[in-house]
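In what follows, subunit A forms one complex with subunit B and a second complex with subunit C.
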Partner chain A sequence: MSSLDIQRRSATTTEPPQARHSVEVAKLIDVSTCIGCKACQVACMEWNDLRDKVGHNIGVYDNPADLTDQSWTVMRYTETEQNGKLEWLIRKDGCMHCADPGCLKACPSPGAIIQYTNGIVDFQQEHCIGCGYCIQGCPFNIPRLSKKDNKAYKCTLCSDRVTVGQAPACVKTCPTGAIHFGTKEAMKDYAETRIVDLKSRGYEKAGLYDPQGVGGTHVMYVLQHADQPQLYSKLPDNPHISASVQLWKGWTKPLGLAGLGLIALGSFFHFVRRGRKVAEDEYAAREKSLATVQTSQSDQPPAERV
Partner chain B sequence: MSQTMTRRQFFKVTAGGFAGAGLGALGLTPEALQAATRPFKLERTSEARNICPYCSVSCGVLMYSIGDKAKNVEASIIHIEGDPDNPVNRGTLCPKGAGLLEMIHSENRLKFPEVREAGSSEWKRISWDEAITRIATHMKADRDANFKTTNEAGVTVNHWPTVGFLASSAASNEAGYISHKVLRGLGVIGIDTQARI
Partner chain C sequence: MEPNPNLIQRYTPSERSNHWMVAILFFLAAFSGLALFHPALFWLTNLFGGGAWTRILHPFLGVAMFLFFLILALRFMHHNILKSQDRQWLKQIKQVIANEDEHLPPVGRYNAGQKLLFWVMVLCMLILVVTGFMFWQPWFAHYFPIGLSRLAVLLHAFSAWVLIAGILVHIYAAFWVKGTMQGMLTGFVTRIWAKVHHPLWYKEVSDNEKQS
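The block that comes next holds the complex of A and B.
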């Protein structure tokens, strides 16, 4: 991918070129049509050459039980009672590809996290230093450190496929069409038709999950109960980058840099106005002071030089 | 040769380091704004169409193998995904289909005809010709012994009731039609498809 298609690069102050307009892409996950078959999990592993270890059944359908460096997407199953009826809510969890990515903001390693202009947030493992700040910075708790190489991994939205004009592997495989892919505009339009349909079937609060707290996301959900995202395996109501990351990277760092700049500028002016401070040679100064002492107390033997 | 650093030199080096780091932090030492996605791994692979062998839906799959079929290249399938042009699945695959690659490379996959002779506990590899001849011979012997031209009431039935046939789920309508024709022609009644297993 050309360097011109980068929107943001972690821990880098270089401004990206901005003249070109590129289309934002998005993945839309319609929770109401997902049957939880996990074809997306398999397709993801197959395409990305990942193989998670065979785990243990923890008593529910969630398998693997959590995201790992080998499982970039997992289905999370919730049973809930809504309007007097049992509902089985199945949410495909994974990176949301935020417009304002907390991982990228928290990352201290230049170039380890990249945001492309099409909205994809991609990790560049060769620059990853394994500090795990991205996990702390993520409002959705998505990245996972690999125990093999101590580098962070997560869904790439199949950036390698999208770059050549294909859909992500999970989208392509989805047998019920619960996952869609296209421009963000097209996905919002499609979501609207789904929401109208859900509302006509009694889901009054159906809606799109595109949280503005992180500037919107490039993975969006159609939820039957958009007023209660928490129902869907604790999907955050209003996700935002944590206060500590905001404070450190949003305020302290720029202030520190400004201070650093002022010091540099001040030093420069000091040098121009006052010149350099020439310190006397320490040894010579000492000799001189000793000589003074000797002349005043000439009857004493000369002091040993240290 | 041992070199000692004076206090003054130490300060100079430290200050220089800070200044360098500061310049970098202030964006005065621009870094190339570059990144690369993973290379698209199917670029010059060979693509072949096939049908998923698992169930009766018979989804179309695209199989990608390394190499361009050149004489000296040993092909090996590296990726399988749904065939968007197949009207059955239009590119989608279920979790079993999406994981076909693992089945292809499974050590337990049967790749050639094998026979376990009566009384033996060993499977022995045989050639396709041998296998087909054996099957045909068995079928002929069984049909000659058990074929029924009429039932108890004397009505002509031309049944061969002692043999069943299991057809492939990957068979298209046309292949299914031909299978049916051949088997009914022989008098086979018990016809089923692997798809129902």
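The block that comes next holds the complex of A and C.
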């Protein structure tokens, strides 16, 4: 994607280029047809040339146990009892590509985080300064700082593949067709047919996870229990950019900057209008007024002074 | 060399060095911090070798500033205890600003404004150093839960703002009251300066001179 396709750029206060428009894309993950084979994890490693170090089995299927700078997507497994039946819920975790990305809002380095007009949020590691503010901004706990190079990494939604009209690697490889890719509208339409199907099979609360608290996402889930996203390895019910991040990165910044400028300007004009406190002048003035008082007192009674 | 009888010592060489170390580190920490505070000031990262270097250096500069400030604060703390007459001085702050000092209550080594600024700076420095550790990448940030470090960045930015605003006032006030800057640079102030701006302190100093 070229600079024509940039919709938002971190730490940039002017308008992005707007001459060209493109449709929003989305990845749809149908949790109800995922079998947890981790082919998507392998495809992600393969396409992006990532090799996480071999970790340890922590007693559950999750492997690697968490996202890292080398693992941009991981399957998270949950066992739960719903309506008296055991359910094994498997969620492919990774960047949600929010329409209102908290990482981008928090990033202090111009151009280190880019949102393209198709909705993909991409980190530009060459501009990353390693402050970790993107981690603070993200409502989904996704970005990871590399211990080797102190740069932040996460899923790119295979922006390099999407640019040339290919689906992301995880979509391409999914053996059950649980991961779909297309325009956001098409993905919503397809999700609707899945939800109707799930409802007919007794999952009355089946629904689409496209949280509006972050303006919607460009990675969406079809959930059997859309009323309880928390069931799916703590997927947030109502994700939004934290209020303290909003306050930290909101109107307070330009106001604060203006405030400092005003203090400096105010000081200068105080000097221009009032001048400095000069001890010698002050002292002379005091001596003089003291002398006047003393002479006038000795000359005549104060009552007669006019 | 005979000491100039018109001058009296206000700051020892150690006190001056300490003050100026804090001042230099303040400028470095403030510029590197402001560079990341608002995009309009990101160009300040050029002074430190780019964005990544600014991010790497800022916390070290900040901690160094804090340590030198701690020594300075311990040195000057006992001069900055607020007393009852300070309240009256603050009530007449309008006259202070208007340069109508003749009706102000007599001031000791520091006036109420200086004392107040001292304690605000102490508070800001403490908040800055504590919150700074809470999101210092890559060594300390991961010891703190995300909710806490989100609050920490907000508090850090806020107290840095108060600190910078306070120091702007501090710098202007030092220029405003002629002879003050000289005091911190050379260590000496004129007798008239002391008599007019800090009469109670001057009395103390001259009493000591008579005794010795």
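In this text, the second predicted complex is superposed on the first by the 254 of 306 C-alpha atoms of A that agree within 3 Å, B and C clash if a C-alpha of one lies under 4 Å from a C-alpha of the other, contacts with A are read in each partner's own complex, and residues count from 1 in each chain.
The criterion applied here is as follows: a residue touches a chain if its C-beta (ideal position, glycine included) is under 8 Å from a C-beta of that chain, and two chains touch if they have at least 3 such contacts.
These numbers come from a predicted model, not from an experiment.
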item: Contact breadth on subunit A, by residue count: subunit C or subunit B; value: C
item: Partner chain(s) touched by A:Q41 [first = subunit B, second = subunit C, both, neither]; value: first
item: Touched partner set for A:T13, first subunit B, second subunit C, both or neither; value: both
item: Subunit B versus subunit C as contact partner of A:A191, first or second or both or neither; value: neither
item: Partner chain in contact with A:Y283 - subunit B first, subunit C second, else both or neither; value: second
item: Subunit B versus subunit C as contact partner of A:L104, first or second or both or neither; value: neither
item: First (subunit B), second (subunit C), both or neither touched by A:C134; value: neither
item: First (subunit B), second (subunit C), both or neither touched by A:A264; value: both
item: Partner chain in contact with A:N150 - subunit B first, subunit C second, else both or neither; value: second
item: Overlapping contact positions on subunit A, where the subunit C interface meets the subunit B interface; value: 12-13, 110, 257, 260, 264
item: For the subunit A and subunit C complex, residues of the former touching the latter; value: 11-13, 108-110, 127-133, 135-136, 141, 145, 147, 150, 242, 244-245, 247-248, 252-254, 256-257, 259-260, 263-264, 267, 270-271, 274-280, 282-283, 285-286, 289
item: Residues of subunit A that touch subunit B when the two form their complex; value: 1, 3, 6, 9, 12-14, 16, 37-39, 41-43, 46-47, 110-111, 114, 116, 122, 124, 156, 159-161, 163-164, 169, 172-175, 177, 257, 260-261, 264
item: Residues of subunit B touching subunit A in the complex; value: 19, 22, 25-27, 30-41, 79-82, 84, 89, 91-95, 97-99, 101
item: Interface residues, subunit C side, partner subunit A - complex; value: 36-42, 51-52, 54-56, 97-99, 101-102, 135, 137-138, 141, 146-147, 149-151, 153-154, 157, 161, 164-165, 168-169, 172, 175-179, 190, 192-193, 195-197
